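Before I ask anything, here is the structure I am working with.
Naming follows writing order (A, B, C, D and E), and every chain is counted from residue 1.
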Amino acid sequence: MAEGHLISIGLLAAMVVSAACALAVKDLLAAAALFGAFSFLTATWFALVGAVDVAFTEACVGGALTTILFVSTAFRTGRRFD
Amino acid sequence: MTEIVSLRPLLAVGAGLAAVLPILLSGRRPALREVWTFAAGAVQLGAAVSMLPAAFAGAAHVSPALPLLPGMPLQFRADPLGLLFLTLSSILWLATSSYSLGYLRSLGLKHQTGYFAAFAAAVAAAAGVALAANLLTFLICYEVLTLATWPLVVHKRTAGVLGSGRSYLAYTMIAGQLLLGAVVWAGVLAPGAPFTPGGFLAGTASDGALRVLFVLLLVGVGAKAAVFPLHGWLPAAMVAPTPVSALLHAVAVVKAGAFGVLRLTGWVFGPDLMHDLGLALPLAALAAGTILMASLRALGEDHFKRRLAYSTVSQLSYIVLGGAIGTPLALAGAAFHIAAHGFLKITLFFCAGSVYAATGREHISELGGLGRAMPFTFAAFGVGALGMAGVPLLPGFISKWNLALGALDDHQVWVVALLVVSGLLNLAYFLPVLRVAVFEPGDGRRVREPSAWLVAPPVFAALAAVVLGVAPDAGARFWFLAESAARSVAAHAPEFLTGGLP
Amino acid sequence: MTIYAFAAALFTLGIAGMALLPNLLRKLLAMNVMQVAVIVFFVSLAFKDGATVPILGQGGAPRAAEFMNPLPHTLMLTAIVVSVSTTGLALGLLVRIRSRFRTLNEQRLLDRLR
Amino acid sequence: MRDVLPGLLVALPLLGAALVPLLAALSRRTTRVPALALHAAILAAALGLFGSVAAAGPIRYAVGGWPGPWGIELWFDGLSTLIAVLVAGIACFAAFAQTFGPGRDEAAPASTPLREGLLRGALLLLVGGLLGIVATRDVFNLFVFLEISSLAAYTLVASGGGRATVAAFRYLLAGTAAGSLYLFGVGFLYALTGTLNMDDLAARLPSVEADAALTVAVVLIAVGLSIKAALFPLHGWLPDTYVYSPTPTAGFIAAVMAKVSAYALLRLLGEVLAGTAAGAVVLDITLWLGVAGVVAGGILAVAQRAITRMLAWSSISAMGMILIGVGMGSALAITGALFHMAAHALAKGCLFFGAGGIRASRRGDDVEGWAGLGARAPWTLAALTVAALSMIGIPPTAGFFSKYYLLSASITTGGPAGIAAFAAIILSSLLATVYFLRVLEAVWFRTPGDAPDASGDSAGRQPVPVLPRPLAVPVVALAVLVLLTGIFARPFERHVLPDWESGTARITAEAP
Amino acid sequence: MGTAPPGRPPAPGTPRVRRLLGAAAFPALFVGLVVGMTQLPEFGDPASPASTHLSPRFIEDAAAETGAANMVTAVLADYRGYDTLGEAAVIFAAGLGCLVILAAAGARPDPPGAGMSHPFGSVVLDAATRILVPVVLLFAVYVLIHGHVSPGGGFQGGVLFGSGLIMMRLVWGPAHEGRAHQPAVPAFGPGLRGSLVLACAGILAYVGIGLAAMAFGGEFLNYGTLPLGGDPAHVRELATLGIEAAVFLTVAGTVAVLFDTISIGMRESGAPLPPGDGDSA
C-alpha cells in the first residue's frame, strides 16, 4: 500500500495548501472557490481511504452546500473582506 | 447534665422570627404592629422563664436536631450560660420595645415598620446565638444577626449613615467569613461536636494549627465584640437611633460577640487547652489593652453616645478577660458581667436617648442644667455610671470582684491592678457627665422630662440593676446561672484551676 | 503517523485562522478548515491496510479484516452535519451583523459597539 | 415507569422542538399551551426519574435496544437525575417567562406567532440538548448533544438583536472551537481504546500505555469542555452572551448552560479519565484555574457598574468554584460542587430573570436605577435579595451550604491546593459581599435620585411595574427554592452522594 | 429598546497581543498534537484497538442484525440511531436559528431586482435547469432509498434534494408575495414556511418512530419491536428506511430554509435597518 499512501499524502498536502490559500486571499469569491476546491480534495481523499459515504457527504456539503452558502453571503455582505 | 428534648428552645428563638412577617404586613396599622412585637417579646420571655427551673435543677432543655450538614445539625440547647443570655435579652427586648415606641414617636422617625421587623429578627438571632448548641448553629444565627442589624444601623438613610453602615458591614462580614472558615475547619477536626464544657478540640490537630484556628475564631467573634483592633465599626455605628444602639450594645451585636468569646474559650477550646497552647495570656493582654485604650478614648470623647460606645468596648473586654483567664471564678464573673453590663448599659443609653428626644442635644458639654430638669433620667444615669465603675451593691461590683478573685487563683496579680485602674477611669469619664448635668447652668430654655414611655424604661432598668446588685441570685438567678456555667467548664479543667470555687 | 500529522496541521491552521484573521467571514472559513481536520483524523483511524469499503458485496460471511471500520465513518457523517449546521447558522448571524453594523471586520465592529 | 422514563426524558424535548414550530407554521395561532405542557411533561419525567433512582438505584438504558459499548447507553444516577431536574425545572420558568414575559417587547416589535413558536422550539431544543448531555454514557453522543444545545443557545441569544447577534457570533466561534477540541480528544481516545462508551473507556484506559497520547487526549477534552464551562481563562464568551441575551434566555443559560458542561467535565475527568496519570494532573490544573477564576471573576464583578454584567462576572467566579470542587475530586468536594451547581443555578436564574426584567421595564441596568425599588416592589426585591444572599453565602440560603461543603473539602484536601481553594472561597464570599450589598443598599435604603423612572416621567401614563408579573413569578419561586434547598440540604446530600461514593471508590482503586 | 444595556462592549484583544499569543500557542498546539500522535497505532494497522474492539461486530453481524448491506448505514441508522436523531436535531437547530435571526425577525423580502433575485437568468440556463432539476431531485430520492446497499442515505439525499431546490431558486429566483411581516415565498418548490414544515415533519417522524418502538415495549428507537411482520432484521430494515426518510425530509427542508434565509430573507445590506432591531445605536 506504499504508493497508495503516497497518493494519500500528496492529496493531504494539496488540502493543506488549498486551505491555507483559501484563508489567505482577500477576495471573498476567490476564497469561497478555493474552499470549494479544498472540500473536493478532501472528498477525494476520503474516497481514497475507503470512506465512500463520508466522501459523498463531504462532496455534497463542503463542495456544494457550504460553498453556495458562502457565495450567497458574499452577495449580501460585499465581495471584499474589510 | 441531663437533657430534656423539648420545643421550648425553638419557641424562644422562633418567637421573634415568627413576628417579622406579621409586623411587615401590618405596616399600615401601627397598633397591631406593636401588638405583634410585644406578643413575640412575651412569648420569648415566657419560653426563657419556663426553661429556668430545669436549669436550676441541673438539667437543660434541648431542641430536636435538624440535620443540616454531615454530622452538623441545627440544634439549640438551653444550658446555664445560654439561658442567662437569653433571659437577659428577653427582658431587655421588652424594655427596649416600649422605649422605642416613645422614642420613634416623639422624634417622628420614618420606616417604623421596617424598624420593628428588623428589631424582632435581630433579637431572634441573638436568642439563637445564646442557645446555639454547636458552632454551625452559632454561625448561622451570627450571620443572620449581622444582616438583621444592618437596616437598624442605617435607619436614617442619609449618605453618611449609609457609609457608616458599610463600615459596620465591612467589619462584621469579613469577620463572619473568617468565622465560617474557622467553623468549617473545627467541623473537620471534630465532626459534629457540640459546645462542650471544657472544650472539644484538644488533641485534634497540631498545636500550630490549633493556634491558627483560635486566631480565626477569635477574629470571627471578636469583631462583633469590638475587641481592639476590631472595634472601629462601633463608634461609627452610633449613627443608629438610640434604642438601636442600646440593643446593639446591651443585647444583640456586641454582647453576642462577647458571649461568643466566652463560648470559644470555655466550650470550644477550654481553659486547659488555652493554657497549653499559650493562648490565655496573650488574649488576656489583648483584653487588658482594649480596656485601657477604650477608657482613654472615652475620656476624650464629647459626643454622648460615642462615649458610651467606648465604654462598651472597655466593659466587654472584661468578659473577654474572664474567658482568657479561665479560672472558675473569673469565668463566673465574666458570665455574670453579661447580665450586669446589659442592665447598666441599657440604662445609660436610654438616658442618652431621652436627652436627645427631649432636647436634641448629643454632646456632653451641652447637658448643663438638665440634671434638675430631668431628675428621673439622670438618677437612672447615676446608677448606671456607678454600676459600671464597680461600686458595691451594684452588679458591676460582683463581676469585677469575682474576676479579680479568679485572676488571683491563676496568680495574675496585674489583673487586680487593671481592674482598679479601669474602675477609676470609668468614674473619670462618667462622673463629669453627671457633674455637667447637675451643677452647670443650663442655657435657659425650658426642658421637661419626656413622655412616660421614655422615662419608665431607664428607671426600670436602673432598678433592675440595683436588684441584681443587691441580690444577684434572686428571680432569674443570674448569679446561679453564671456560676453553674463556670462550674461546668471548671469540672473539666485541671486540678490547679478548680480551687477557690465556693 | 504522517497522515495524522496532516490532520494536526489542518487543525492548527484552522484554529489559528479563527483567532488571528481580522474578518469574521474568514474566521468562519478557518472554522470549517478546523472541523474538516477533525474529520480527516477520524477517517484516517478507520483505514485498514488491505481492506475495502464497508459495503457488503456478494459472497460469504464478511470478515472484520476485509472491510474498513465503519464506525468512524458514521461518526464523521454526523460531524459533517454539525459542521454545516454551525456554518449555516453563523452565516445567518453574519448577514444580520453586517446589515446592522455595516462591517465584518472584528476591530471595526468592536469600535462600533463601544 | 423505570423503563419508559429515560426514553421519554430525551425524546420529549426533541419532539416538542419540532412540534411547536410545526404548529406555529401551520396554524398561525399562539403555541403557548403546547409548549408549556411539554416543559411540564419534561419536568415530570425528570422528577420521576429522580425519584425512581432514589428509590431503586441507578438506571442503565440502552437506546435502540443495543447494549453498550456497541449501542449508545444512557445512565441515570443521583448526579445526572439531579442535574436533569435542575435543567428541566429552570426551563419551565424560562418557558413561562418566554411565553408571558417581556420577550416580545424586548426583542422585536414585529414578533409573530411563527417567531414565537420558533423561539419556543429553540428553547425546547436547548433543553433537549442539555438533557442529552446529562443522560448520555457515550462520549461521541455527548458531542452531538453539546452541539444541539449550543446551536439552540446561539439562536436564543441572537434573538435579542443588535449587540446580541455579535455576542452570539463570538459565542459560536468559541463554542465550535470547544466542540472541535473535544471531538479531537475523543478521536485520540478512540484510537487508543477503540471504544466510545464511558464505562468501557474507564475499564480499558488503565491498560493503555501511550502516556503522551493519552495526555493530549485528556488536555483536548478538558480544554474543550472548559471553554463551554467558562473556566477562567477560557471564559471570554460569557459576559456579553449573558448581558445581551433576551431575559428569558439569559435566565436559563446563566442558570444551567455552563453547569451542564461542568457536569460533563466532572463525568469525564472525575470518572472516566481519573484512572490515568494525565487525568490526575489535569484535575490539579483545573483546581488551580478554578481558584484563579474565583478570584478574577469576583474582582471583575466588583469593577462592573452594570448589574447584568456584574452578574455575568459573578457567574465566572461561581464556575471557578464548581471546578475547584471538581478538581479536588473527593466525595465531599463533588458534593460541594454539585450543591454549588444547584444553589448557583437557582440563585443566578432568579437574579437574571429579575435584573433582565427590571432592565426591560426601563429602569436601567446600573445600581442607581435600582435605588429605592425595595419600597415599590417589596416581594420581588425580597426574592432577589434572598438570591443575592445565597450568592454571598449567608445562611440559611443554599449558597451557604455549598460553600460549607467546599470549604470542608478544601481542608481535608490540605496542601497548597487546599489552602488556595480555602482562601479563594472565603475571598469570593467577601467580594460577593461587596458587589451584592452595594446593590441591596441601593434597593432598600436609598431613594431614587435622578434615575430614569418610566412611571414618574409622565403623569398620564400607567405606572410601569418594576418587574412584569410573568418574570416576578419565576423570581419569587426560585428564591423560595433557594431557601428550601438550603434548609433541606442534608437529605439532598444523602440522596446524591451514595452512588458517587461508589464512583470515587472505583477511581481511587484504579488510580496508579 | 429604549435603554440599551449599559456597560462596555466586548473587551477586544489588541491585534499585537493576539499575534504574540498566536506565535507561541499555535506551534505549541501543533507540536503537542503531533507528539501525541506518534504514540497512536500506525495508520492502516489492522490490529489497532479501533479495528479490533467494537468494529468487528459492525462489520460481521450488521447485515444479519439490521438488514443493511451498507455497514455505515447500519451503524448510523440502527446501532447509533440516537446519534443520528441528534444529527437531525442539529441541522434542524441551524434552520430554526436562521429563521429566527433573519426571516422571522420582521425583515421584509428584497424588492424585485435587488440582491440575488435574478442573477443568472438566461434562456440556455433556463432550459438546462428544466432538464437538470428533475434529474437531481430524482437522484436524491434514489440516494435515499439506495442508502442500504450503496453509499448514501437520508442525509446525502436530503442535501441533494435541497440543492435541487436551491438550483431552482438560483435560476428562476423567488417570487414575492410581499405581505408585510411575511417571509419571502418562492414561486417554485416549497416556500419558507413549507420548508420549515418539511423539516419539522422529519424530526417528528424520527422521534415518532422511536416513541412507537417504546409503545410496543422496547427501548426508545428499538425498531425491532415494531409490529411490521417478518424477521427482526427485515423489520429493522424497514424502520431504518423510515428514519432515513425522516432525515431526508429534515435535511431537505432545512437546506432550503438556510439558503432562503441567508440569500433572500433580508434586505440588501445598504437598505435601512429592518424595524424591530432590538438595540439602539
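To be clear about the criterion, a contact is a pair of C-beta atoms (placed from the backbone, for glycine too) under 8 Å apart; a residue touches a chain by one contact, two chains touch by 3 or more.
Note that the structure is a prediction, hence the values are computed from the model and not measured.
Novice: Along the graph of touching chains, what's the shortest path length in steps from chain A to chain E?
Specialist: Between chain A and chain E, the shortest chain-hopping route counts 1.
Novice: Which chains are in contact with both chain B and chain D?
Specialist: Chains touching both chain B and chain D: none.
Novice: State the pair with the higher C-beta contact count; candidates are C-E and D-E.
Specialist: Contact tally favours D-E.
Novice: Going by the average position of its CA atoms, which chain sits the greatest distance from chain B?
Specialist: Result for max centroid distance from chain B is chain A.
Novice: Going by CA means, which chain is nearest the middle of everything shown?
Specialist: So the chain nearest the centre of the shown protein is D.
Novice: Would you kindly tell me how far, in whole Å, the mean C-alpha position of chain D lies from that of chain A?
Specialist: 37
Novice: Hey, how far is the Cα centre of chain C from the one of chain D, in Å?
Specialist: It comes to 28 Å between the two C-alpha centres.
Novice: Starting from the mean Cα coordinates of chain A and chain B, work out the distance between those two points in Å.
Specialist: Averaging C-alpha atoms per chain gives centres 79 Å apart.
Novice: List, in ascending order, every residue of chain E touching at least 2 other chains.
Specialist: Within chain E, residues 8-10, 33, 37-38, 40, 43-44, 48, 50-52, 54-55, 58, 70, 72, 80, 83, 86-87, 90, 93-94, 97, 101, 105, 151, 155, 258, 262, 266, 269, 274, 277, 279 contact more than one other chain.
Novice: In chain D, what residues contact two or more other chains?
Specialist: Expected reply: 140, 144, 147, 151, 154-155, 158, 161-163, 165-166, 184, 190-191.
Novice: Give me the residue numbers in chain A that touch at least two other chains, ranges are fine.
Specialist: 1, 5, 52-53, 57, 61, 65, 69, 72-73, 76-78
Novice: Return all touching chain pairs.
Specialist: Contacting pairs: A-C, A-E, B-D, C-D, C-E, D-E.
Novice: List the residues on chain C that touch chain A in their complex, please.
Specialist: Going by the criterion above, the answer is residues 2-3, 6, 9-10, 13-14, 17, 21-23, 25-26, 28-30, 32-33, 36, 39-40, 43-44, 46-47, 49-55, 68, 72-74, 76-77, 80-81, 83-84, 87-88, 91, 94-95, 98-99, 103-105, 108.
Novice: Spell out the part of chain E that touches chain A in their complex, as residue ranges.
Specialist: Interface residues on the chain E side: 43-44, 70, 72-73, 115-116, 119, 151-153, 155-156, 159-160, 162-163, 166, 255, 258-259, 262-263, 266, 268-269.
Novice: Please name which positions on chain A make contact with chain C in the complex.
Specialist: 1, 5, 8-9, 12-13, 15-16, 19-20, 22-23, 28, 31, 35, 38-39, 42, 45-46, 49-54, 57-58, 61-62, 65-66, 69-70, 72-73, 76-78, 81-82
Novice: In the complex, go through chain D and note every residue touching chain B.
Specialist: Listed in rising order, the residues of chain D that touch chain B are 332, 378, 389, 393-396, 400-401, 403-405, 407-408, 411-412, 422, 426, 429-430, 433, 437, 441, 444-447, 487, 489-491, 493.
Novice: Which residues of chain B touch chain D in their complex?
Specialist: It is residues 24, 66-70, 139-140, 143-144, 147, 151, 154, 157, 162, 165-166, 169, 173-174, 177-178, 180-181, 184-185, 187-188 of chain B that touch chain D.
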